[in-house]
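Each structure below appears as structure tokens.
Each of the two complexes below includes subunit A, the first together with subunit B, the second together with subunit C.
Here is the complex of A and B:
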């Protein structure tokens, strides 16, 4: 029973890692590089939702606040691509890494100077509510997180598999030159993907904030999500989600049954093991397509 | 009537004059070949037409539209398709997916319609699939339809790239060394396809090619270039017997004598 309880919490946490990891994968597909500001975009998204929705701030209804925050963060993501990332087009991948690390600091500073560094709580309709099922306590926030993650993943999958824009984005990520030749506006598509990743980061941020207080440093969770994306194979959306779930589930179980600080190390140990045994990740694009 | 018109086009990379004052016109329904030694600027001319490079000077007009300053993704919708010397395909996709991607600019459905998979989307999808199947049949790619590009042999990938260009339903197709790296039989097949493209599909073909046998077999007119400058323009026989062209390929007799 205790294991089931841990498993449930782990899956809910893993969903958040997975959502941030989805952001990593999106950007990796669009710009062929890693966006280390992904965690900070999540943080900013959560704060914007808080700023719009909390009763002592703008006090908008929760749903409206979240949707507005997604739209705003979509704009932030699009703007980052437009103003910053596009300038280093054609530079080595490393340039994007350094640039996004710096960007992360900027976003943290921006959030810190608006909302301060003391932890704040996002007011949601489901914060602190629980359901009893058998012997386990199910947090409503956890249930919502799992549900939202499932819906969002299916939505993204459908977007990439079926829509004209999604197919264009996939094409551009595989071969930019070829994409141009068949008429794909590669730059515009990349901007759109950055916007999408901003919106996804906001969802992750809101889900994270529904379970506890937030401060401008919660973006460091992005490192764990990055490990999840690497475990999943960087280029694979379902891989990212599963990588997140794996880390999410292992953490609490290791915390309960393994000694000392092992839980904090577990995500990175898994990442190392995966990198050594399957360097291209558990669900690398190559393998996923072979099926 | 000329479909493509290049007037005094030039592109300089720093001090290197990759293309320097080339003019030519490709007539509708014509097979036009550009030949020249390695580094003569042939592929660069293609890259100017597909707007991957921006011209230093000159003007290119296609079907009455000035494309000199057009963004490169707007070239395809005008009806210009191309292949690359080094093959640019979507490697982690199947042959069918690559060809369907060629239909991109012909898709008119929007995001919401796509997600809802409306009858309009289905109708359009069937039409694209039909066009792609015609190309598959024409190039005899049936056996590879569901195969990933990454695992295919070089010769097949070359054909798939021609297929993607054809699936785009262009008016003008640019073929960058379609026979390079192919066996004698395969390059004969390419010659037949080029003939059919012109005759049955009404396409205009502009090709860069080293294989003079292929050029002589299919091209109506040939432009020879060297060091970014035009050398000769005429029928394959005329160009081949041009003293400047022979000098460019073999070295000048005067130099040898000296």
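Here is the complex of A and C:
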């Protein structure tokens, strides 16, 4: 019974890692770049929702606040691509890594100056509510997280598999020059994907905030989500979700049955093992790169 | 305009293309050696700190700048160096043995990590080193008998042949020690870069497939670069431990790793000189910010001290500016200015245009 309880909590946590990882994968799928600021985008999204929705701030209804926050963060993501990332178009991947690390600090500073560094709590309709089901306690927030994650993953997968824009984005990532030649507006597609990943990050942030207090440093969760994305193979949406779930489940179980430090190490040990045995993730899409 | 007149094939691999390069470097070392007689203790400590950061920066430069592999976890190797050195000296080993052993330990650990890690490339390697960093941090907390756990560890005073190199009581001695180590490592590093090993590092950086075609064992080369880089960083970590005096795992945070990346990128990737320029910038910047803050406070009454995280944001903005406008870093900018001056009226605007590459992946879906 205890194991089941841990498992359920782990799955809900894993969904949040998975959601942040989805943001990584989105950008990776479209431009083969890695956005190290994804965790901080999640943090900023949560804070914007909090600023709009909490009764002592703007006090909008919860649903409206979340949708507005998603739109705003979509704008932030699009703006980051437009103003900063586009400048280093055609530079090595390494430049984007350093650039986004620096951007993460900027976002943290912005959130810290507006909302301060003391933890705040987001008011949601389902905070603290529980369901009893045959001896285990199911938090409503956890259930909503799992549901939202499932819907988002399927939606994004369908977006890349079936829509014109999604296909264009994949084409742009596979061969930029060829995509240009067949008329894909590569830059515009990139901007769109960054916006989308900002919106997804907001959802992740709201789900994270529904379970506890947030402060500007929660963006460091991004590193763990990153491990999730890597375990799944950077280019795969379902892989990212599964990687997140794996980490989410292993963490509390390792924490329960092993010393505390081991729980902190577990995600990274899994990641290293996956990297060593299958260098491009469990759902590999990569063949050897040519010159 | 200078002309390097080559009279034998050997001049091509000479250390310095021109005699006056050598002159300026000797002059710089002499000035640095005389520094304790010129500046006050406070600035001398700052310079020693800069030297230590340059040493760590050189370690990372070897990996990032010259072999083209990104590491986000170099703080872990600083930590390994610092803890090995301090723990061995606490166990009674003399500094002259403990110090190289610390470098060796960090290097061996790095090489051990490198064996699986070198199979990864680009982004994956960066992530793997990040994971190694987190794991090392947790191991340091777990290994309390050696590392002091959360409480921390005291780095004993360095003594060589009865001469004290205490960081507070004999700061000049400690400074000279750092200077000698940095000069020796720089000499070794620049010699390495003109050997066949160094050249193979560059080949691996520029194109792995071509390097392999030229008969370079890519895996071995990358592992070697990783190990050497970690060893140099470990040496820097040992010195850093002595400089701080009393430290725990928090000294080697992820921010140190990022600071080191900042050192090499702002300094100029692929130039040894870049590590020094970057280290100067990163150690001088907090001082400059503090002076500016006091100045603003006194003259305009604007209190910037009340804004937390101001240093970090300024660093980040500098970094973003450099990545966008001058990816070659400070040293690259200096080289461009020098060329412009040397060929004075003939420089054209597009001479240093960056080449863009278009992305092509082998992903199937």
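Keep in mind that, in the parts below, the second predicted complex is superposed on the first by the 284 of 291 C-alpha atoms of A that agree within 3 Å, B and C clash if a C-alpha of one lies under 4 Å from a C-alpha of the other, contacts with A are read in each partner's own complex, and residues count from 1 in each chain.
Just so we're on the same page, contacts are C-beta pairs under 8 Å (C-beta built on N, C-alpha and C of every residue); 3 or more make two chains touch, one makes a residue touch a chain.
Note that the structure is a prediction, hence the values are computed from the model and not measured.
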Subunit B versus subunit C, judged by how many residues of subunit A each one touches = C
In the superposed arrangement, which partner chain does A:182 touch: subunit B (first), subunit C (second), both, or neither?
-> first
Which holds for A:171: it touches subunit B only (first), subunit C only (second), both, or neither?
-> first
Return first, second, both or neither, reflecting whether A:94 touches subunit B, subunit C, both chains, or no partner chain.
-> second
If you stack the two complexes on chain A, which partner ends up touching A:51: first (subunit B), second (subunit C), both, or neither?
-> neither
For A:163, select first, second, both or neither according to whether it touches subunit B, subunit C, the two together, or no partner.
-> first
List the residues of subunit A that touch subunit B in one complex and subunit C in the other.
-> 170, 174-175, 177, 285-286, 289-290
The answer for subunit A against subunit C in the complex is residues 31-32, 34, 84, 87-95, 97-99, 101-103, 105-106, 108-109, 112-113, 117, 170, 173-177, 223, 226-227, 230, 234-236, 259, 261-262, 264-265, 268-269, 271-272, 275-276, 279-280, 285-291
Quick one: which bits of subunit B touch subunit A in the complex? Just the residue numbers, please.
-> 50, 52, 71-77, 81-82, 84, 88-93, 101-102, 104-105, 107, 109-111, 114-115, 117, 148, 150, 164, 168
As the complex stands, subunit C meets subunit A at residues 64, 70, 72, 116, 119-124, 126-128, 130-132, 134-135, 138-139, 141-142, 207, 209-210, 258, 261, 265, 307-309, 312-313, 315-317, 319-320, 323-324, 327, 354, 356-365
Seen from subunit A, its contact residues with subunit B in the complex are 158-159, 162-168, 170-171, 174-175, 177-178, 180-186, 285-286, 289-290
